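Residue numbering begins at 1 within each chain, and the chains themselves are lettered A, B, C, D and E in the order written.
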Amino acid sequence: MRHTGKIIRKKPGISPGSLVYTGGNIREKVNLQLVRFTEDTESFFEALSVDSLFENLDKNQVNWIHVNGLHDTLIIEAIGKQFDIHPLVLEDVLHIDHMPKLAIYDDYIFLTFKMMSSGVDNELGKEHLSMILGPWFLITFQETRGDVFDHIREGIRSGHGRLRKRGADYLFYRLLDTVVDHYFVLTDKLEDDLEGIEELLLKQRLEGVSNLILERKKDMIFLKRNILPLREEFRKIRQEDSALIAPGTHRFLDDVYDHLTQMGQTLDGCRDLITSLLELQMAANANRMNNVMKTLTVFAAIFMPLTFIAGVYGMNFMHMPELAYSWAYPAVLVLMASVAVAMLIYMKRRKWF
Amino acid sequence: MRHTGKIIRKKPGISPGSLVYTGGNIREKVNLQLVRFTEDTESFFEALSVDSLFENLDKNQVNWIHVNGLHDTLIIEAIGKQFDIHPLVLEDVLHIDHMPKLAIYDDYIFLTFKMMSSGVDNELGKEHLSMILGPWFLITFQETRGDVFDHIREGIRSGHGRLRKRGADYLFYRLLDTVVDHYFVLTDKLEDDLEGIEELLLKQRLEGVSNLILERKKDMIFLKRNILPLREEFRKIRQEDSALIAPGTHRFLDDVYDHLTQMGQTLDGCRDLITSLLELQMAANANRMNNVMKTLTVFAAIFMPLTFIAGVYGMNFMHMPELAYSWAYPAVLVLMASVAVAMLIYMKRRKWF
Amino acid sequence: MRHTGKIIRKKPGISPGSLVYTGGNIREKVNLQLVRFTEDTESFFEALSVDSLFENLDKNQVNWIHVNGLHDTLIIEAIGKQFDIHPLVLEDVLHIDHMPKLAIYDDYIFLTFKMMSSGVDNELGKEHLSMILGPWFLITFQETRGDVFDHIREGIRSGHGRLRKRGADYLFYRLLDTVVDHYFVLTDKLEDDLEGIEELLLKQRLEGVSNLILERKKDMIFLKRNILPLREEFRKIRQEDSALIAPGTHRFLDDVYDHLTQMGQTLDGCRDLITSLLELQMAANANRMNNVMKTLTVFAAIFMPLTFIAGVYGMNFMHMPELAYSWAYPAVLVLMASVAVAMLIYMKRRKWF
Amino acid sequence: MRHTGKIIRKKPGISPGSLVYTGGNIREKVNLQLVRFTEDTESFFEALSVDSLFENLDKNQVNWIHVNGLHDTLIIEAIGKQFDIHPLVLEDVLHIDHMPKLAIYDDYIFLTFKMMSSGVDNELGKEHLSMILGPWFLITFQETRGDVFDHIREGIRSGHGRLRKRGADYLFYRLLDTVVDHYFVLTDKLEDDLEGIEELLLKQRLEGVSNLILERKKDMIFLKRNILPLREEFRKIRQEDSALIAPGTHRFLDDVYDHLTQMGQTLDGCRDLITSLLELQMAANANRMNNVMKTLTVFAAIFMPLTFIAGVYGMNFMHMPELAYSWAYPAVLVLMASVAVAMLIYMKRRKWF
Amino acid sequence: MRHTGKIIRKKPGISPGSLVYTGGNIREKVNLQLVRFTEDTESFFEALSVDSLFENLDKNQVNWIHVNGLHDTLIIEAIGKQFDIHPLVLEDVLHIDHMPKLAIYDDYIFLTFKMMSSGVDNELGKEHLSMILGPWFLITFQETRGDVFDHIREGIRSGHGRLRKRGADYLFYRLLDTVVDHYFVLTDKLEDDLEGIEELLLKQRLEGVSNLILERKKDMIFLKRNILPLREEFRKIRQEDSALIAPGTHRFLDDVYDHLTQMGQTLDGCRDLITSLLELQMAANANRMNNVMKTLTVFAAIFMPLTFIAGVYGMNFMHMPELAYSWAYPAVLVLMASVAVAMLIYMKRRKWF
């Protein structure tokens, strides 16, 4: 199965910047949250209307606006107007199948990527996540309500650590870091699953292994397609030295880049292992087939000569002198046993069973 | 089958710039259309002669000339002369097998690429499309008459959106965007088809799957060969900052570039999936063969010993005392049944059926 | 078989610039031709001696010297001395196995590459071709006499087109273009051949297909090895802006570069198709084997039980009451028919035939 | 099996720079060692407390601090504070699954990589190793106590060679060189193991070979993943010309880079060889299967006709005149022998055994 | 088997620049040769002691010192001291498993690479060769005494050609060119061998082909590993424009670079051909197996029905009326023949033999 639900695409030829939500069914009401803080103060707002959200903004503080749900395009549009975001950027926010992308503009940095987690039934869950970092604000857009950022909110509330002391760029880093840390859970799980398959193969248990390998390979490809481009996009932060990122924050972002690189290498290792598993499976298949053939050949090699001997003495010729000897029957039985034993020894020597 | 009809090539050694249409049969009369507009006015002309086309041009407006059909080389030549287009560019317009290409000259930008759509019989339909963007004009050349740009014409007529407010470069972008949006339909379809094949394979339905995979693989390669080079060509627009593209239009063209990149990644995913399907098919084939062999071996392992036993007691020796016992026949039948059951148990244990 | 005849190499350690012809047998006399022209005049000389060739040169005209045959190293050496060509360049002219190479020197541009054509017996014919372009002359070296440039000579004679109006660099381009156009014939043929093989495979006609694929794969590799390096070498013309190439000629040379790029992509497509054909062949092989195995198993599954039943009633026990019943024989025949029919139904259901 | 024990990861969302040891069980007490030397003097301290360590430092000498064991994060933290090391660097020191990394900061150079050795049971042993090189100090962190650097300590004590004459950067090089030299042992062993597998395959001993190849392939991948990135990281030393590395030391570091490059090539060779071994195994498997099939066919081809002949003369027709002839039985036996011999000759000719 | 003898490595941790010969057994005495020449004079010295070697040097002439044998490290060390060569360079001279390397220093250029030749038993022979080019001297180090440079010595003695007229850099080129020309012999041989294998495969002679392919593949890899890095190293000569190479010599060195490139392409071709051969082998294997299976099936399909019929009339039922008819036996024989013929026709039609 594919890793995404059905995508609803904009009709070809539609004017660009027309905001169309490309995700599936419409879910609960969009939830607007605002966290506003300085080193000394912090305020939390929940379930705001667009208007009250705008009223509560304060350019002298760090303003973290979190939009839970993408299906109400009017809200997205209003936010876009308020913060002067380009319509094509808003389009990317709504385009839930969009690949990871980071774009640095004069007034803000736009980042869209995937939150991924190990879902039910051994399937990868994923969610479209976008961030817009301005000088005094950070807007995050999430498809569905989740608790992944509760830790961060807790950190802001408690006032410990660097979170309250630094600006929106550090908050941006921390949210990103949290998501990327979740990726590690997935790559670890993938490695574990592949080891499990390897053990199955080493025990010659081949039933259904093809499908298991295929599923894991698709996971690996899916992770790679979301992690490696994100890493490539990340280079831009270093290259285009934006004023929106404080110098001290760069080192933290480099750390995220490092993590993405490490995951890329882990995934390369997984790809190599999958190739090895396929080779192992092929060899195991060949081995199994060989064993079946050998069994067949052993039976044929033993019973064909014996049946032939029996057939000879079943012939109805009148002049077959040996038929009359009383020792003939036991002698033929001994002959048959000898032939069978000889065959068995021969095949044993050739290691056929 | 190949994705293009038979190409008629220029004979080797023919002087360059000799205009030869390389497509197949000559079709209906070439249709010349002109759409002329400013922010306030718009005029539509249909089925023009070359002369009346030139008379109706107005350098103070945006002039969109659409040439439907490439087989009348005289018309192409006349347009080339009027707008001072290099003969080699005109040659590329007529070369319907040409790969995607974008060339930036001082006076115009030339782009040739493929319009692709899902045709009948599950085959890809494709059409050669060329665009020449000048400061006040846009010329588009299309092999056959189609309705793909009707949306755009409608947009110009209605006057909504940015189309009438911006210049020929924005129109150039919109036409391009429309075609590229059509590509998404094809990549989505390809993904769906591959999923269908995967399901067939998981159900062990192997008949004809080789051909299905081959067809899809050829589609994938064909899409890749038309999409990736277009993307590469597109880089030039950023690198060579032509005065023909207004600064505000660049962001829109970047968006097209993004879409092409995303498609490239989707196609990479399809390629990986195709490889996996082939591996799955191979494993399924090996499995199927194995099952046939096992069936054969099971029959041989049961009936060869039984037939042998029957053969022994079919021998005509005079002195076979057991033949005379009344319990001998039932005893041998029981022996035969025991051998058969023992074989079945043994094979059941080795999971042979 | 290899695509080249046996190469005669220079003995290791021999002084560089020693001119040794590395081709096979010595053929007819080397033929020297000279075509001299300006926009208004043209002269053709045939079968010149070296001395009369040099006498007929005129620096105020374009001088095209064509050397038919490479085995007379004295002629090559004399020409080298006259035009002050570096001995290593002359060595490359004679080295018929040399890969495509373009070298730009102060006084001349040296290009060596392969002329290729579809030869007899479905084999690729190839010929070593070298060109030295100076400010007022163009020297071409060809292994064997051919008629490939007759078109160009005709064009010069007629005086139509650009040939007479432009310099030696344009003539250089036209010759090159002619050869490269010939390559298209080969890539088209390769594509056609591969389609033919695909059809064979789809019809399950596997005999000899391995060799057909191998032959085409070798063609593909051979074409690639001669076309792609030529393309790479061609980049130098753009990079090192030699005074020997007039500005207006660059656009024509770019066109050749484009053609080479397109062929490279076609060959990539062929490579992908060949891989697909091999996969198809493998699947077809597995299928064929499977069918043979099924046939065998069907026979065994039907006749082994029947033969066993016959064997049972062929036993010579005295007390086999059923032997005496008059309905026993027909009953056993019916039993046998039932077993056979049951087996057939079972196998039909499992789609074994 | 995987090459690392279970990694304990930081919980996602935890503040960066929180020091968490990611290795397994807590082992013996962390051992702090200090070696302090100039060209003339040297002092060795063992099992220091953190405080006495700091007291014994002397900025006018080279101070080599060796930390044996990573599980006491308080010690790591204290050292970090003393030498002003960034918390993220300390995090990397503790992250035992970290890939090789070299980072050049203003005040120190940080390098983390793996020590690898051939462990028990033919498995690769590995250990996380980090180095921080400052102007007058070198700090090394090692997971477990080992004797790999005893040679270097001996060299410092003896005062021979360049070790005492040069600064901390040369000591840094020597430690690194020692570890990299150990890699050679592993790549040599890998090559030897692969040769052993090749010999097994050439002797047609296929049992268990799949697993052997898989194990070696995983070793190869593991080595590659630790050696190649280290080499890439090493480039930085050349590129960013840090003042911490004396000019004369660069040549020595280049030598380490060379060694890593050579190992990379050796591993490439191993990869190619593994591919060849898999191909060889597949061919050997096919060959073995073929031999089994041939044996079966030989038996069937000989005994099926013979058994049929015997069956014919076992029929109970009343009018079978040949049954009565006295020479009939020997004649049939001769016929049977002839058929068997004919079959054997036929199969011998087709090289079936 | 591996292409090198057992390497003796330096023990890890040993001080760098400690000279240890890593080759095998110690052979005959190291032979020092000196060739000293100017355009007008030349002197040859053989079997010199180190001291007399140094006495005979003359900075106003070209001094070619040839060291035959690497096992006397004292001689190497003395030469290193005399010409002020870095200890790490001398280490590379002695490290016989070193990959190709070219290093340009201020005072000398160091090059180490492999001399390769087609040895006995179809195995590649190789030898470690190093060159140190200074302004007035060239030192060459060779593992064993060989006659490969006799040509060059002859050229110096005779005074013909450029050798005496140019400096040490041209001599350096000529020696290099000689070795590289020897490579061509090997790549030609490899191509021939592969053609031979192809012919075997086309004749369906599969015995031992796996090993033949493997051996040639290892040769190909070995050549590639020695030729391609040498080519890469060669780029440095162009990039870092050393004063040690006269401007006129660069063109000659470019020619060597060209040759190495060409060999690289030939080896790529060989790699592709090897892949094709493996595919061909696999298809041939499948074909062979198929033929065996068909033979088996043909026998089974003919004799199983016949044996069954014979079995039916071998049954001992009392009431089998047909047994009594005199025409029954011939009729059954005719029936049997018909069945056999029908089967043969059926199988012939399906092209089974």
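Following the convention adopted for this analysis, a residue touches a chain if its C-beta (ideal position, glycine included) is under 8 Å from a C-beta of that chain, and two chains touch if they have at least 3 such contacts.
These numbers come from a predicted model, not from an experiment.
Trainee: Residue numbers at the chain B-chain C interface: does the shared fraction exceed half, giving same, or fall under half, giving different?
Mentor: different
Trainee: Just the number, please: Cα centre separation of chain C and chain E in whole Å.
Mentor: 26
Trainee: Please work out the Cα centroid separation of chain A and chain C, and write it as a whole number of Å.
Mentor: Going by mean C-alpha positions, chain A sits 43 Å from chain C.
Trainee: For chain A, which residues are shared contacts with two or more other chains?
Mentor: Where chain A meets two or more other chains at a single residue, that happens at 282, 286, 289, 293, 296, 300, 304, 307, 311, 314-316, 320.
Trainee: From chain B, heading first to chain C, what order do the chains fall in as you go round?
Mentor: B, C, E, D, A
Trainee: Help me check something: in the complex, which residues belonging to chain B touch chain A?
Mentor: Per the touch definition, chain B meets chain A at residues 148-149, 151-152, 155, 160-163, 174, 177-178, 181-182, 184-185, 188, 191, 195, 198, 202, 251-252, 255, 258, 261-262, 265, 268-269, 272-273, 276, 279-280, 282-284, 286-287, 289-290, 293-294, 296-297, 300-301, 304-305, 307-308, 311-312, 314-320, 352.
Trainee: Considering only the defined contacts, which chain D positions touch chain A in the complex?
Mentor: Against chain A, chain D makes touches at 1-2, 7, 9-16, 86, 88, 91, 98-99, 101, 206, 209-211, 213-214, 217-218, 221, 225, 229, 278, 281-282, 285-286, 288-289, 292-293, 295-296, 299-300, 303-304, 306-307, 310-311, 313-316, 320, 323-326, 328-329, 332-333, 336.
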